[in-house]
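Look for chain A in each of the two complexes below; its partner is chain B in the first and chain C in the second.
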Partner chain A sequence: MEYVLKNGIVYDPANKVAGEKKDVMFKDGKIVDSVSADAKVLDVTDKIVMPAGIDPHAHVAGPKLVVGRIYRPEDSRKGVTHKTDILRSESGFSIPSCPSTGYRYSRMGYGTVVEAAVPPLEAKHTHEEINSTPNLDIVPLSLFGNNWFVLQYAKQNQIEDLAGFIAAWLRLAKCYGVKIVNPCGSEAWGWGMNVHGLDDPAPYWDVTGREVVTALAKANEMLGLPHSVHVHPNDLGHPGNYPTTVSTMEALKDIEKNSTVRGQTMHLTHAQFHAYGGTSWRDADSGADYIADYVNNNDHVTIDVGQVTLDETTTMTADAPMEFDLYKLSGLKWANKDVELETAAGIVPVIYSGKAPVNSLQWAIGLELFLKVNDPWKVCLTTDHPNAGPFIRYPRIISWLMSNERRQEMMDNREVHPWSHRRTSLASLEREYDFNEIATITRAGPAKIYGFQDRGALTPGFNADIAVFDINPNDIDPSRNHEAIEKGFSSAMYTIKDGEILVKDGEIVKVVKSHTLWTDVKGMEEQEKRVMDRVMPDFTKYYTIKFENYQVHDKYLPNPIVTEVQAGK
Partner chain B sequence: MKTITFNQKKTSQIALEFDELIPDEVYSWEKADFEKYMVPIGNSRFPLTDYFDIEVEGSAESPEEIKMILNGDYGRVKYIGTKMGAGEIIVNGPVDLHCGSQMKGGSILVNGDAESYAGREMEGGSLTIMGNTREFCGCSYIGDWRGMNGGTITIHGNAGKQLGECLSGGSIYVKGDCDILAGIHMTKGFIQIDGDVTRWPGGQMKNGDIVINGELGRLLEGFVQQEIVENPEIDGKDFSGKYIKYTGDIALNGKGRLWLDAEKNRHLLY
Partner chain C sequence: MANYEPPVTDYESIVENCTCAFCGCNCDDLDYLIKDGHVVGVRHACRLGASKIMEDMDQRLLVPMIRGEDGELAETDWDSALDKAAELIAGAVRPIFYGWSETSIETMHHGLELGELVGAVLDNQATICHGPSLQAVQNAGYPISTLGEVKNRADMCLYTGSNAMNSHPRHMARYSTFPRGYFRPRGRFDRTVVTLDPKYSDTAKMSDIWVGFEQNGDYEFYNAIRAVLKGKKLQKEFISGIPKEDVEELAEAMKNVQFGALFFGLGLTHTLSKQRNIDIAIQMVADLNSYTKWILMPMRGHFNVNGFNIFMAFETGFPYGVDFARGYQRYMNGETNTIDLLTRKECDVFMVIAADPGAHYPGGAVKHLAEIPVIQVDIHWGPSTEIADVVLPGSFVGVEVGGTSYRMDGVPIWMKKAIDKPETCRDDEWIIKEILERVKKIKAEQGALASK
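Right after this comes the complex of A and B.
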């Protein structure tokens, strides 16, 4: 089937197209240069046309989500809709059901989402949830930062074997890349402890976060994976944590990049939670300057923000000791989950309120990061869904980024607490994003950071993943019309996935199965065999399940998209 | 003023759901509107008139001018008055789960028994139950930590377990007896029980007042006896007689107050 999106105003940063009126054509699921006269014409005159959105960091599938849904039925009853002829019923606000997740991303013009924390032991279930989430391509990252075998390899600085382990485990878990969460900290949580800073060793291991994150980054580059290491540093959410964050970025500065499809060797995730100054919540202030300056002056790092949206939400992370701290702070309920040799997780509901000084500070720090990182290719729009807020708030964040007037209004009329401007420089930042920058931080930038060669741009041959929004950029002042911007980006006029129209005028008209992206590393067979010989005795001894039941078999991925990588090239 | 009368024709084994049939929604409806309305039953909808004869008299410009009279056995009708903001509902019979839940205003009178979750997360208005009610009256939703925070519930019969769980405002009066854990997790508000209480009122309460005029079977260890007060004023209300005042639950550094009729609870004095 051939289509022409006629007369749209196109923002395609990867192809340096910024607000040009032109046609976009696609055929048989791919973007093309030309179509025949029989092509179906979709009139999108003066509407914004962009590649479909890519969320580079969210938690949408896996065991944490399940625990969250079980212990927060009060969240599940929000957002309930009845089933229709093509849709299942929806439920949930911060932790929506799997179908709801797919539908809601789709309505916002998104086509790809990264599930940022998959414990390999729970990977089977994660893939089952991915299969229950329609209309999205999902990119799972596997957790490595507290894995016992990784700690051993890092301690002994055996990078080649570690690379073999990663190659084997990505294949076992069918994941795309390497995620590191609070390296050594989640392992310490097994003893009721945490680590503080990059050089605090994990108890009984005598290995530090610095050694782990450095070893994993080296191994990642040895393999030449399409994505860099994806790092959630130590000390998340603690006042005065920005030096740890800067130290983590600095630790990976000199690691040589081995990839032509991405620019960075480290992706710092939910940077907002890692950009705090002060010594306690009493004197906490913004450390965004330090993070933004570092990112501006170094090319080996990209970030996503994790913007606080001022909603009631559910925090969930493999940084289990942090969740315990949060539970003690909030006094609300807490769930904890241990994942044997791999990681741990905590879940706590949080009410981010504009009346609360700390929450307002967090809100402002996130916006500071967006506005202070000069190059939009280095920063991505996320809420670390659902940790800083649900992903359905992305349009609202876009409206904040495009309107200094709105930000000032929120501070002036006390929609946010005065800490937002007294302890940050947000009030002095006049920068406003334009549509091209929005397309960069939500589409082209994430695609480059993940090394995607088939999406994130309207390049001929790429997947026809396209979003059209009912916004005329020549007839709207985003600075003064923040409500129209939020409304426009909340409800896509068209969401097109692989050439199929899934959303029309904000309503889902078609439901398709998800794809799962994973990375198959070739050329490490010898190292992988050596690794398996070494780890199997410990695996058999310490895991509660047999290896035969551990690996994710192909049947769990009915619609895989495999990125094959030749190690070292 | 408009009076809408439901006369039951038959009952259903699967519960009907009445959350769409509140004064706020139906004040402008005429008889024909009710006749074409499909009521949710399980995962389907059926004509409301299969189950009720409906009479509409008078006219109304707003929900405040609505009186709904429900005659019959509503023991399999859930969500009566859920989220209602104004008007009056009188049920001449028993009601099923969630009657008056999330109610914001107006009044509901149940001339019969009420199933569990009556007045759940109530924010305002009044709910009066002339019979008994079961568990979780005036409570929070499952998993939530925010219960009833406004309005008044009056139960003329007995109340079940966990009355006023997570209560954070409003008042609950029970004329009869009450089962265990009344006011558990309570942070504010007022509960008065005139009959006997089996055991453990106020577990993990942080603030608010619970008055028990009957005999308490067993007290939680987290409550500390403070003093005996004669004719106390509690939550702005005057009480006559002697009351033993406890504070707790000390397990959570709670500052809640538990008042027990001294005469009927002499066995607890030390």
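Right after this comes the complex of A and C.
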């Protein structure tokens, strides 16, 4: 089937198209240069046309999501909708059910989402949820930062074996890349402890976060994976944590990049939670300057923000000691889920309020990061869903980024607490994003960061993943019309995935199965064998599951998209 | 040596790393010894698991049956039985699909689609066993871990209201008490085992410390431990029948371990204070985490009872007792649970899959079941067969057909197939899918008729 999206205003930053009126054509699921006269014409005159959205960091599928859903029926009861002829009923606000997650991303013009934390032992669970989430391609990242085998390889500085381990484990768990969460801290949580800073060793293992992050980054580059290491540094959410964040970035400064498809060797995730100054929540202030300066002056780091949206939400992270601290602060019900030999996880509901000084400070620091990082290719739009707020708030964040007037208004009329401007420089930042920059932080940038070669741009040959929004960029002043911007980006006029129209005028018209992206490393067979010989005795002794039953069988990935990588190339 | 059974040597082949389809331990290290297409021996399993697997043909349902006018079940062919089941479900106003805990996630997918189509209630055994635990989890939190954390780290294992030696015979052997873990290289000798139970159970006999507090004394006892943890002086000399010095000593011991694990069973969920017992146990564990590391875990009974809760939560947002009658999901304890619906006589068609309500439900609920059409999908004859109007013989997950299950700690396991099912039986997944297809057809015809 051939289509022409006619007369749209196209924003395609990867191809340096910034608001040109032109046609976008696609055929049999791919973008093409030209179509025949029989092509179906979709009139999108003066509407915004962009590649479909790519969320570079969210928690949408897996064991901790389900703990959240089981123990928070009060959240599931929000957002319940009646089933329709083609849609199943929805539920949930911060932790929507799988079908709801797919529908809601689709309505916002998104096509790809990264599930940022998969414990390999429970990877089958994540893949089951991915299969139940329609209309999206999902990119799972596997947790490595507290894995006992990784701790040992890092301690002994055996980078080649570590690379073999990563290659083997990505294949076992069917994941796309390497995620690191509070390296050594989640292992310390096995004893109810945490580590503080990059050089505080994990109990017993006597290895530091610095050694783990560095070793994993080196191994990641040895393999030449499409994505860099994806780092959630130590000390998340603690006042005065920005030095830890900066030293984590510095630790990876000299690592040589081995990839032509991405620019960075480290992705710093939900930077907002890692950009606090002060010594306690009494005197906390913004450390956004330090993070933004580092990112502006160095090309090896990209970030996503983790913007606080001022909603009631459900926090969940493999940084379990931090979640326990949060429980001690808020007193709201605490869930925890540690995974043998691999990681930990904690879940706590949080009510972010504009009336609360700390939450308002977090809100402002997130916006500061967006506005202070000069190059939009280095920063991505996320809320670390659901940690700083649910993903359905992305359009609202876009409206804040595009309107200084709205930001000032929120501070002036006390929608947010005065800490937002007394303890940050937000009030002095007049920068406003334009549509091209929005397209960069929600589409082109994330695609580049993940090394995607088939999406994130309207390049001929790429997947026909396209979003059209009912906004006329030449006839709107986003600065003064924040509500129209939020509304426009909330419900896509068209969401097109692999050439199929899934959403029309904000309504889902078609439901398709999702795809799962994973990375298959070739050329490490020898190292992998050596690694398995070393790992298997310990695996048999210390896991509670047989190796045969540990791996994710192909059956759990009915629609895989495999990225094959030649190690070292 | 009257009890000595010689090892099975007369077999043709071995299938390794099979997963036990009995309790929530989901031991996945079983070896099946196969001869003539049957499992003649099972290595590594406990008696419960081995007997279920080896005696798979005992009282086995082999052919579909429909209860006739005369009140007797009569054998029939698959088409007739499936048509009858589909007709009953398509015509139902308030159907309940109950069970699911002893079948695969793959089967549940079709069951959920069917439930959403006809507006049924989907519920599982949690409604009569660990339902109060889930309610408590919703009140107070859910600090758990996988069982390997316990094996590798725990120096105190505490069983409460659970006689694991009888109900989950390999739990202590494989996961908690006896195995040598990374940080517990001497296994049992590196751990203190505590049992809190009014009964001197087989688990208590295996323990270092047994606290036999009074029946229904659970809440008071945990409350006292919490008070001690918070530095309060106990006012009463005896707490639930236990001298206060003993309570203080236990609280101190719990505070001073490196990693503690509390396992609770139905003895906690079904005594006087029900979910409040679990509430306070969870809060106690949260308190203990200010001093050291503690986790807790419900001792789930069936091999996929946790799986159903997980599956329903990611598909619908709610773990059990999910009602689709209004075209969207509702979950209201006391309103949308099976027992309540049956005792209120709301339900008009009941499908039970891989469960035995005839054996487990309270009298009032069973009485209503006897009065309405019941469809049974199962592998064995049981009390539910006696009240069933349509009987559909399924196959044995983890033995005759593969399937996904979730262990009590949430670890997903692919349970592989080892032998072929009896020729006349069908896989649960196939049966539910067939019913779904047939109900869709009936609904389409009704729709076409209505639009004329």
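Following the convention adopted for this analysis, the second predicted complex is superposed on the first by the 569 of 569 C-alpha atoms of A that agree within 3 Å, B and C clash if a C-alpha of one lies under 4 Å from a C-alpha of the other, contacts with A are read in each partner's own complex, and residues count from 1 in each chain.
What we mean here is this: a contact is a pair of C-beta atoms (placed from the backbone, for glycine too) under 8 Å apart; a residue touches a chain by one contact, two chains touch by 3 or more.
This structure is a prediction, so every number in the text was calculated from the model and none was measured.
Undergrad: Contacts for A:H300 in the overlay, against chain B (first) and chain C (second): which applies, first, second, both or neither?
TA: Neither partner.
Undergrad: Considering only touches as defined above, state whether A:R407 meets chain B (first), chain C (second), both or neither.
TA: In the superposed model, A:R407 contacts neither chain B nor chain C.
Undergrad: Look at the residues of chain A and decide whether chain B or chain C touches more of them.
TA: C
Undergrad: Have a look at where A:Y71 lands relative to chain B and chain C in the superposition and call it first, second, both or neither.
TA: So A:Y71 meets both chain B and chain C here.
Undergrad: So, does A:W191 touch the first partner chain B, the second partner chain C, both, or neither?
TA: After superposing on A, A:W191 lies in contact with chain C but is clear of chain B.
Undergrad: Tell me which partner A:E340 touches in the superposition: chain B (first), chain C (second), both or neither.
TA: Second partner only.
Undergrad: May I ask you to decide whether A:H230 touches chain B, chain C, both, or neither, giving the answer as first, second, both or neither?
TA: A:H230 contacts neither chain B nor chain C.
Undergrad: Scan A:S132 for contacts with chain B and chain C and give back first, second, both or neither.
TA: A:S132 contacts chain C only, not chain B.
Undergrad: On chain A, what residues does chain B touch that chain C touches as well?
TA: 71-73, 75, 77, 333
Undergrad: Can you list the residues on chain C that touch chain A in the complex?
TA: 16-17, 19, 28-29, 105, 116, 134, 137-149, 151-153, 174-175, 180-183, 258-259, 286, 289-295, 309-311, 313-319, 324, 326-331, 404, 406, 410-414
Undergrad: Under the touch definition given earlier, write down the residues of chain B that touch chain A in their complex.
TA: 140-145
Undergrad: In the complex formed with chain B, which residues of chain A make contact?
TA: Against chain B, chain A makes touches at 71-75, 77, 332-333.
Undergrad: Over in the complex, which chain A residues touch chain C? Could you list them?
TA: 61, 63, 65-67, 69-73, 75-77, 80-83, 88-92, 95-100, 121-122, 124-125, 128-129, 132, 148, 189-192, 204, 324, 327-328, 333-341, 344, 347, 541-546, 548-549, 553, 555
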